[in-house]
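Both complexes shown next keep chain A, but they swap its partner, so chain B is in the first and chain C is in the second.
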Partner chain A sequence: MSLFLSYLLPGIPYGFAYALMAVGLVLTYRASGVFNLAFGAQAYVSAVIFSIALRDGWPGWAAFVVSVLLASPAIGLAMERLLFRYTRTAGPLVKLVPALGLLIAIPAVTQMIIGTATRLPSSLVLQPWKVYFHLASTPVSGEELSTTVISIAVIAAFGLVLRSSGLGLRMRAVVESPRMAELSGVRADRTSATAWVLSSLLAGLAGVLLAPLYSTVSASNFTALLVAAIAAAAIGSFTSLPITLIGAIGLGIAQQLLAGYLPSGTILSSGLRPAFPFVVLAIALVARKTLRQPEARDPLASCDPPAVAFRAPARMTEVAVGSRAFTALVVGMLVATILVLVPGNWEFVFTFGIVLSIIFLSITLLTGMGGQISLGQAAFAGAGAFTAGQLAMHSMPVLGAILLAGVLSAVLGAVVALPALRLGGIAVGLLTLSFALLATNVLFLYPWAGNGATGLTVPRPVLGPISFAGNGAFFWLSTVFLVVLAGAVKLVQWGTTGQELAALRGSERGSAAVGIDVRRLRVVAFTLSAAIAGIGGALYASLEQSVSVNDFNYEFSLIYVVAVAAVGVYSVAGAIEAGILYAVLMQLTSTLPSRYSSLLALVFALAALTYVRHSEGVVAYAKAWVLDRAEQLARYLQAPTLRPPAEPGAPGAPVGSETGRAESVDMHAAPRSHS
Partner chain B sequence: MVTALLQTAGLTKRFGRVAALSEVSLRLDAGETVGVIGPNGAGKTTLFDCILGVLQPDAGSVSFEGTRIDRLPVFRRSLLGIGRTFQRLELFSGMTPREHLLVTERARGRQGALWKDVLGMGRPTPREKSEAADLLDLVGLADVADAPVESLSLGKSRLVELARALVGPPKLLLLDEPSSGLDDAERATLVSVLSRLGRRRDVAVVVVEHDLDLVSTLVERLVVFDVGRVIADGTVEAVLADTAVRRAYLGVGR
Partner chain C sequence: MMAMLAVTLLAAVLAACVTAPPDAAAGQTTGVYPKRVVVGALVSETGPLPALFAPIVTGARAYLDMVNAKGGVAGRRIDLATTLDDQSSPSIDASQARTLVDEDHVFAVLPVATASFTGGKFLAANGVPTFGLNVNPQWMDGPSLFGNTGSYVNFSPSATVVQPAFIAQQHHARAVAVLAYDIAQSEEGCRGMVNGLRRYHVPVAYEDLSIPAPASDLHADVTRMKQDKVDMVVSCMDLGGDVLLSNTMRATGMTGVTQLWATGYDESAIRQYASAMQGVYFMEPNVPFEVTKLHPGVYRGMDLFEKMLKKHFPHTMPSETALAGWTSAALFVQGLRMVGRHLTRRRLVHAINTITSFTAGTILAPVDWRTAHKSSGPLNCSAFVQARGETFVPVYGTPKSVFSCFKTPAPPVTKPISLLNPVPAGVPPG
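And then the complex of A and B:
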């Protein structure tokens, strides 16, 4: 019994820290529809500031005020004011991408400014390692005691505010219907900002409370905290705070019990404990009925203009031909330079970019074309890489192994798609994320799969007399793969499947009503996407000639989505640009000192923040801007009488021909009004 | 006796303690035009949702042309020939009206296959293109056929949904408040489209509508809902004269 308790009791403080963040997640999700993954980063920032302030000799209360009461709420307020207040009517992807970007960007910036923090010297109130008393002969340390007591006090205060104050009432009203609340004289904007500030405060508190439990203050620890909080929130269906609370504490306890009772030294015990929240998350997502159709119940929802979707504008023939010629010129020059001028390691860099483009293509297909959010693409790529590695080890020709890797990844994609079928929007993303975490923490560690940190060696392919062992030959091989796959994706996009995917992205209910088999379509999208990612991963393995689980860490899945979304998720060209850009930036930043190691991720993460206004991506937006100017110039040249270009919608301006473009470009600025 | 086009028997749907539909049994024959009226919250949209399968009823059955369809997924019921518009728009944002119709044509034709797409055979056929153009003309959207739907007014968006529901054409058309948000010209288009449909004997139309003037000129039969029950069902004249209806819906005669 006392053994059981000695396993159980240490789980309680973890559980309460999870609960703090989970309550914040639920609150912001309900107040603004945003699933704020950046709370993990806010917790990290608070912990870093707290630990540095204490190291520099600040009194504990001052460190607490700055880190928990000021820093984290300030970040939360800025996020609400600058980003998320504009996403209320937007689709799940537009709400998710900036949050993901912040989850990556905030720790990167912190690391650059402050460096990495050392271990925390002290917990909040009591002496952290002093044993204050024994509970059923289990020692209770100051750290555990203070975490538990403070959490209970804060959560109780929160519950009281939500239940019985005017603020709580207003908050619940805004959650139900922001418009209705505004009509009753509640300032919905301000109320939702309050929710963000309070939730951020909880996240910061969780970070500071939990920091001493980790051996170092590193951002990935707080991502783990975030995932546990997401799992708890999912248990509460993202709505019920009491069930979320119970779920969080249960999760903390169950994790410690697992650690105690599982046979030590096996992959299952070292992997399952960190992976446990993801398993719980996956089960909760699939089992909780209310998560299946996360749908606004706002009776006035149809008053808001619908979310604006991006649409590639039609161009004047001259401009379209010109831009195509220009693209061909740039690509041709690039290839020529690579072949003739570039030193060997840059040849490798571009090949890496091309391989990465293939992996990114899987995101274009699934997320850009089909609107399905996946945060687990790196796991599919990893599955492809390890399949190729295992097959090559069993003396299969490498080219065949790469193709078979695509097939196996496709099967895996279909398997993951099946439980995701009844989920919508963000929940699909969370489910794929939990799959990715499970893959990197457990699956890929087995010798028959990824062989842990040691990894596998994968040779370069040989095709009859042609060897692709040299970097130059491999460059051509991956280019052929990219061209074939990109062409296939384009054909799918133009074909029935692509049109049905576009319809699915627009409205799942509408798609089903016109006779589209939505479930089959989603399985097809996941399968195709996983196949492409698998082939990309296998090529990556062959390029690097050795791969391990570290190459396909779940964090890459997040960075991949952010990178593609930042550059342009809706077009095949976007995937290729993102891949090349990523590889080149990685090479350029590789020589910087270590505190700037996340500069690459930061660039894409910051670019992703523009997603709120320009979901087509930074590069796609820039291209459209240039082409707009080119079109203006072309019109000017065509009309020497200095006639201004025809306004869209003006009499005589044929809508849908070249002037139809203006509507789709400017629609971000002027959403239509329903009245 | 001829098989009914649509037959619901004892259809019941509860949300918590509220019965949105209780024991609704309706019969609809091919080519009939029926108006469904009733106060907000009377269960009209829930009826549509249960017929098409967006919601699963708690009890009762739905039959279409004599076969039970209440276990079929939404898309299968749609492919049997049920077209529908939504009170809250369910448009494919990012697509143009023409693309709405083309993708619906392809879905209804069941011609799509991944291997065909990869071989470049997944493009719309000339026949599908001309059908889409005809429908756009019919609902008066030809001039905005290639503009993104986000740039259209609410009224035009409703007409896009109407055109989309007309692809096929369906044997049964369910219209959920088609006239709300329409301006006078759009309304005239709606009336002319609906009266043309009303004369066709192969398309049955069920229209949920608050505008009594509009609905009574278009339909032969009115069904009145109140708190999940059918309180009247008959010819327009008979129903409008019914005192129970006047009490529930018009708030007079109390």
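And then the complex of A and C:
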């Protein structure tokens, strides 16, 4: 019993810190519909500011005021005012992509400002490691005591405000239904902003309280904190704050008990613990009906007009042909230059870009074409890479291993799709994220899979007399794979499946109403997408010749989605552009000082913030803008007389977007028709 | 439709094509110019454990600045022109190694301190002289790779490190716990220590070599250690993890435990975390920094290191990693002096591989570079220090021989034997 308590009691302060984050997450989610994945980053910023302030000799109260009461709420308020207030009626992807961007951007900016030096955490009150008293023979330290007491006090105060004050009443009303609250005269917009401020305060407090329990103040630790908070929020169905609180404490305790009772030094004990919250989340998502379509619980949700469907603008023949000819010319020059002039490392960089493009194609198919959010594509790529590695180790020709890796990843994709069948929107994303966490924390660590941090060796392929050992030869091989797979995705896009996926993206219920088998379609989309990611991962492994679990960390899944969404998620060209841009920027930023090492992620993350206004992606938007100008010029040259403005729906006229704003898009979603 | 992107990329490609330095001349050895030799560094400056690796550049710069201030070597200054960060990622490490050679056209890679050294294979295959912190097995990939204390890194399951057994015997430890991260260097390093403890019949009561890095919570480990009545802990984690371990032990009432840490021998660390580090032992492959105060003039290499570090980087405290940069640069410069004016990579590598007793000026236990790529030599030497108050104190040595050396391979025994009297050997005073 004493041993049981000695494992159980240290879990309680963790549970309360999870609860702080989870309560804030629920509040924000219900008030604005945004699943604020940047909460972890906000907690990190507060912990960093607090540590630096104390190191520089600030009094504890001043450090607390600046880091918790000012910085984190200010960030939250800025996020709401500048970004998320515009996404209330948008689809789940539009809400998710900027949140992902902020999750990446906030720590990156922090690192650029304060540098990359390791920061050991500081404690808020009491002497953190002093034993103050014993509870059932288990010593209770100052850190545990302060975290628990402060959390209880804050949550109790928060509960009191919600239950007994006018502000609380308004906030509860907005949490239940912003539309109904507005009908009752509540300014949902302002109340929502207040909810963001308060919830951000909770995130900052959780960051400062929990920091001393970590060995260093690092963003990844606080992402893990967010993961636990999401699971706790799911236990409370993203609605009930008391159940969320109980769930969070239960999670903290369960994690400690797992760490205590699982055999030490095993993959299960080291891996399952960080992944455990998402195992809970996955079970909750599948088992609880209320979580399957969490964003559709507002009784007046259907009052919002449906998102306007995309369509490709028809271009003048001269512009379309000219654009393609110019593209072909420059791409040809680019390829020729790569093969003849560039140093070996740049040849490698472009090959990496091509391989990455293949992995990004999987996101185009699943998210761009089908509207299904997946935050686990890096795990599918990892599955492909490790399958190829294992098969190559057992003497299978590498090319065959790459193809078989695609098959196995496809099977894995189908398996992941099955529990996702009944889910929608953000819930699918969370389920795939839990798969990615399980894969990187447990599955890929086994010797028969990814062999942990040591990884696997994957040689370059040989086809009869042709060896692809050299970087130049491998460039061609990767290009062939890209062309074939991009063509396959295009064929899917143009075919019946593509049309059905487009319908699914527009409205799942509408698709079902017109006779589309939505479940089958989802399985097909996940299977094809995972197969493409798996082949891309296997090619990546062969390109690098050695891969480990670190190459397919779940954080890459988030960055990949952000990169593709930022550049253009609706088109095959967008995936290729994102892949090449990612590789080139990675090389260009590699020579910068280390504090700017996150610049690559930051560039894409900032671009992702524009997703609210330009969901077609910044590059696609820029291309459409240029082509619009080219078309105007062509019209002017053809008939240099003043013409009336184009009618709505005519070539070049603005079309709607998912956000409901008028804009011109070019998303290649359907076969083009040229006037 | 990819025209805009392609134009941008074309510009990037063309920029990449013209990255050759302006004073490059046809037929010259890469990175060698009439008045300078260009080298580049490869370091994990970001990632989970940057503090373990980043200071190496400071140490190397201090040595090179000192040499350049005296006119360089054979009329050439040594220009540490580039420092690339591999972000602790294996794939980026390989990519950065290629960048240094193909794009930055360095003659040698100096210094290297990385979490994973996948670029080592490429550097070895191209015969690029490479110098740095030997914590990765890739250092054994070729004769042009020179680790700071030899290139032999034994990560085999049977590797044996006997120093923890020595400390355990000194303290009559009855139950030892060994903790490491799930990172190859940490895990394999500690596995060798477990083997060493078992070989000398020291009971290993608790073992967790798969702690996710950076450490985030060690309550469960410490509770188990307490249950197992552990009285000595060996840790292969980083400073943050070690401090967290020590603090968690305190918070759970586990006091009076002997601790041996693989890292953390750092003056700035003990000033900040004195309470957590009290009594902790460290084993060093080099002469302890404290000899400069305790025995001034005896170890002149260490005296010089501290003097130059203070001169060129007055705000940097001496650390193991900075010293690894210094000794790596010292080996490179010694090789340059042996080759003279007609410098090529092949000649430099050949020259260094004939050195029989490299000590970096009485800082290291002697390294025989004729064999140091493939074996650890007949003796494995360490200097032990212990944290006391806000300083470190050398222990188990004499002023003229701070090293305690153990025979390698450690002789197998069938019954407990005493390691109380290790083979006396050491760096001859300067």
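In the analysis below, the second predicted complex is superposed on the first by the 612 of 675 C-alpha atoms of A that agree within 3 Å, B and C clash if a C-alpha of one lies under 4 Å from a C-alpha of the other, contacts with A are read in each partner's own complex, and residues count from 1 in each chain.
Operating definition for what follows: contacts are C-beta pairs under 8 Å (C-beta built on N, C-alpha and C of every residue); 3 or more make two chains touch, one makes a residue touch a chain.
From a predicted model like this one, the values you see are computed outputs, not experimental measurements.
Contacts of A:Y86 after superposition on the shared chain: neither chain B nor chain C is touched. Residue contacts after overlaying the shared chain place A:L491 against chain B, while chain C stays out of touching range. After superposition on the shared chain, chain A has more residues touched by C, the comparison being chain B against chain C. Once chain A of one complex is fitted onto chain A of the other, the partner contacts of A:W476 are absent, as it touches neither chain B nor chain C. Shared-chain residue A:W58: touches no atom of chain B or chain C. Looking at the shared chain after the overlay, A:Y446 reaches neither chain B nor chain C.
By the touch criterion defined above, A:L3 reaches chain C but does not reach chain B.
When the two structures are aligned on the shared chain, A:A512 is found in touch with chain B, with no touch to chain C.
Of all the residues in chain A, the ones that touch chain C in their complex are 3, 6-7, 10, 14, 111, 116-118, 120, 128-131, 138-139, 141, 143-144, 213-216, 218, 220-221, 224, 256, 259-260, 264-267, 269-271, 274, 323-324, 326-327, 330-331, 333-334, 337-338, 341-346, 348-350, 352, 441, 445, 452-455, 544, 546-548, 550-551, 571, 573, 576-577, 580-581, 584, 586-588, 590-591, 593-594, 597-598, 619, 622-623, 626, 666, 668. Those residues of chain C that touch chain A in the shared complex are 1-7, 9-10, 12-14, 16-17, 19, 43, 45-46, 48, 50-51, 54, 82, 84-85, 87, 89-92, 94-96, 98-99, 101-103, 116, 118, 182-184, 187, 206-212, 214-217, 219-221, 223-224, 226-227, 237-241, 243-244, 247-248, 250-253, 272-273, 276. By the touch criterion stated above, chain B contacts chain A in their complex at residues 52, 54, 73-75, 78-79, 83-84, 86, 88-96, 99-100, 102-104, 106-108, 110-114, 116-123, 143-148, 150-154, 164-165, 167, 181.
On the chain A side of its complex with chain B, the touching residues are 301-302, 305-311, 314, 488, 491-492, 494-500, 502-503, 505-507, 509-519, 524, 528, 655-656, 660, 663-664, 667, 671-672, 674-675.
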